[in-house]
Amino acid sequence: MLHTVNKSPFEKSTFESCLNHARPGDAVLLIEDGVYGAVKGTAVSGQVAKFNGDLKLYALGPDLAARGIKDASLMEGVSVVDYGGFVDLVAKHDVSQAWL
Amino acid sequence: MSMEEDLPGTGDQKKFLYVNRRAPYGTIYALESLEVVLIGAAFDQDVSLAFFDDGVYQIVKDQDTSGIGMKNFSPTYRALGDYEVTRLYVEKESLEERGLTPDDLMEITYEDEDDDWAEKPSVRLVSRAELSEVMAEQDVILSF
Amino acid sequence: MKFGILVNEGPYTHQASDSAYQFTKAALEKGHEIYRVFFYNDGVNNGTRLTVPPQDERNIQVNWSELGEKYKLDLVVCVAAAQRRGILDESEAKRHGKNADNIAPGFRISGLGQLIETGIECDRVVAFGD
Amino acid sequence: MKFGILVNEGPYTHQASDSAYQFTKAALEKGHEIYRVFFYNDGVNNGTRLTVPPQDERNIQVNWSELGEKYKLDLVVCVAAAQRRGILDESEAKRHGKNADNIAPGFRISGLGQLIETGIECDRVVAFGD
Amino acid sequence: MLHTVNKSPFEKSTFESCLNHARPGDAVLLIEDGVYGAVKGTAVSGQVAKFNGDLKLYALGPDLAARGIKDASLMEGVSVVDYGGFVDLVAKHDVSQAWL
Amino acid sequence: MSMEEDLPGTGDQKKFLYVNRRAPYGTIYALESLEVVLIGAAFDQDVSLAFFDDGVYQIVKDQDTSGIGMKNFSPTYRALGDYEVTRLYVEKESLEERGLTPDDLMEITYEDEDDDWAEKPSVRLVSRAELSEVMAEQDVILSF
């Protein structure tokens, strides 16, 4: 399954709920304000790292760039995709769940 | 790719899950999700609802909206059985975090046509892990 | 592959409509089919032709209308959600005794059944919202 | 006391406009003065007359228009926010070459300065939003 | 100062931020989905209780009733007000801050 | 009640604080708050801005919105000095929680007319407690 998360983990509990409900092997794509959850060295990154490996984490490049987040700031294991990559992720997984 | 390849073994039906994670009244998402469920009931698909996070607040009993000038739409959940929507998964952990017990929820039932129309509870309490399993089995997940 | 797109927020206030537009465009450019774009909740507000965004900003409604025109997209605004929020086409306006309508070119108003149908007919449904 | 009210979300989707309405009504009934109700962000969407809510639901626009009529309220929709979202009065529509307008009775469109002025002139400003 | 909070503490970090920034003697009024923060015996009530006493907590009655929350479910020290009481609170405090 | 009773000792001015607690681009609140600040600058009031919680993301440097089709409005913060908006309070704790340092923020300056037009930083790093003090001193707080 592909999960998409578009909210900052500092503002909303959406990302946390997604991580707690996703199953090993699932993919999580961070978009819009959700990309802040992909940054290392934050108050939530330790929590996120626990799921890293069991889950495959992606972040949308155009949303990272808009927010001034450099690739070097990302947690290990996070893959950056563009909108085309987003489309490919949706196609690759049977079901997409948007965590709104 | 033909449709059949993607479909589960239940003939032409797809498994639809409506995810409810938000409280009622503060925003319209709970109400407009319910409106999708009611319309969707006419399509003879395999329908389930999931209530977790703040979504469990949607089916708390004794809602009285007279003081805020909004319509109390909670009775509609009790009518879901008439629309053959009979599976409402409610996450235990979400209830506990909010200090709620199953007794705080409305009684929502349906009449089981396979069991001489016996009245049965529509709410199924599930753990977080069980809910994850339910989500993993779906063909379409709509979350508002 | 056959995609259905669900847009649940209006233009400008949330990024949802922008993200949905970029996704839809990318999917079309990769050769996928977009079965329908369904606008629900505040998403119906994407379908008004009366917006006048600042000249140095994108025009979200025009973006959708032009993409729709180019690829013959089915851009559907939910009638129930639209009525609550004041998005009407000519016949809806007439039916409700309103002296104006505001639907944008390329959008059509229809029922929620079109969303369910999207779920049934599509290989994938992707939702964008708040 | 002199109150200013700020409404930052549209009708129905968020409770903000309902809460603002109930607060304004209660303040008026207690004899306070409402200097202005300013609609900003998606709040401008409260000012369209094209909404057709279900018959068993409240009509938020009509509530505001009637309260405004009864107490001679100054209901101001921010022009910049309104343009982005497609809320126009007759002169705005004409100015931008649009063939329809949708402003509701009792609302007027004006600039953001009216919000600052509200902050300056009022003893209290109370905001409602998402 | 009067602080108003309209978001569920389980969904958003708004209430927590408000509590962390309010000063002793300030009043906090919970409205709309914010009223869930006034309930005792929840995952956040311990956190809220720490501020109770330093801050004066209020909850809007009509919003409690809409959500099926009984007075008996409220934390100790929370006062219930109606819209008229909301108006009085605004009038009583020099400044209102809406935590949106 | 006359206006004067409520006003601070700075003549006709009121102290306006614009609170920024949300990230840019995901929602429009940051941009439309900035538009209020710019218009408000014409009114000769005592204006400050506060950036905390996700609001600190608004003034992070190197924003590049070309890939999302939205306008990059971050340069406008650097122009605030020209509008005589010279006090931008930024909360240290909010930066730290987000793994940010002051070096990650744009350079925002103003020319101090009382000090021979010397260029000075507009950003004032404050602790959470200090920010609370700032908020307590205001006459009008607008938070978007």
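Lettered A, B, C, D, E and F in written order, each chain numbered from 1.
In this section, a contact is a pair of C-beta atoms (placed from the backbone, for glycine too) under 8 Å apart; a residue touches a chain by one contact, two chains touch by 3 or more.
Model, not experiment: these values are computed from the prediction.
Trainee: Just to be sure I understand the contacts, which chains border both subunit F and subunit E?
Mentor: Correct list: A, D.
Trainee: What is the touch distance from subunit C to subunit F, in steps?
Mentor: 1
Trainee: Looking only at residue numbers at the subunit C/subunit D interface, is the share used by both copies over half or under half? Answer same or different.
Mentor: Mostly the same residues form this interface, as more than half of the numbers used are common to both chains.
Trainee: So which chain is the furthest away from subunit E, centre to centre on CA atoms?
Mentor: With centres defined by C-alpha atoms, farthest from subunit E sits C.
Trainee: A-C versus B-E: which interface comes out with more C-beta contact pairs?
Mentor: The comparison resolves to B-E.
Trainee: Indicate the whole-number Å distance between the mean C-alpha point of subunit B and the mean C-alpha point of subunit C.
Mentor: Those two chain centres are 26 Å apart.
Trainee: Would you kindly tell me how far, in whole Å, the mean C-alpha position of subunit E lies from that of subunit A?
Mentor: Each chain's C-alpha centroid was found; their separation is 32 Å.
Trainee: Just how far, in Å, is the C-alpha centre of subunit D from the one of subunit A?
Mentor: 38
Trainee: Using the touch definition from the top, which residues of subunit E touch two or more other chains?
Mentor: Residues 6, 10-11, 13, 32-33, 62, 82, 95-96, 98, 100 of subunit E each touch two or more of the other chains.
Trainee: Considering subunit D alone, which of its residues make contact with at least two other chains?
Mentor: 1, 6, 8, 12-13, 15, 19, 22, 41, 57, 80, 125, 127, 129
Trainee: Touching at least two other chains at once: which residues of subunit F meet that condition?
Mentor: 6, 25-29, 53, 68, 70, 139-140, 143-144
Trainee: Taking all chains into account, which pairs touch?
Mentor: A-B, A-C, A-E, A-F, B-C, B-D, B-E, C-D, C-F, D-E, D-F, E-F
Trainee: Which residues of subunit B touch subunit C once you look at their complex with the stated criterion?
Mentor: 1, 3, 6, 14, 16, 28-29, 32, 35-36, 39-40, 42-43, 45, 139-140, 142-144
Trainee: In the complex formed with subunit A, which residues of subunit F make contact?
Mentor: 22-27, 53-54, 57, 60-68, 70, 72, 96-99, 104
Trainee: Over in the complex, which subunit D residues touch subunit B? Could you list them?
Mentor: It comes out as residues 12-15, 18-19, 21-22, 56-58, 63.
Trainee: In the complex, go through subunit E and note every residue touching subunit A.
Mentor: Residues of subunit E touching subunit A: 10-13.
Trainee: Provide the residue numbers of subunit E that touch subunit D in the complex, in ascending order.
Mentor: On the subunit E side, the touching residues are 4, 6, 31-33, 62, 82-84, 86-88, 90-91, 95-96, 98, 100.
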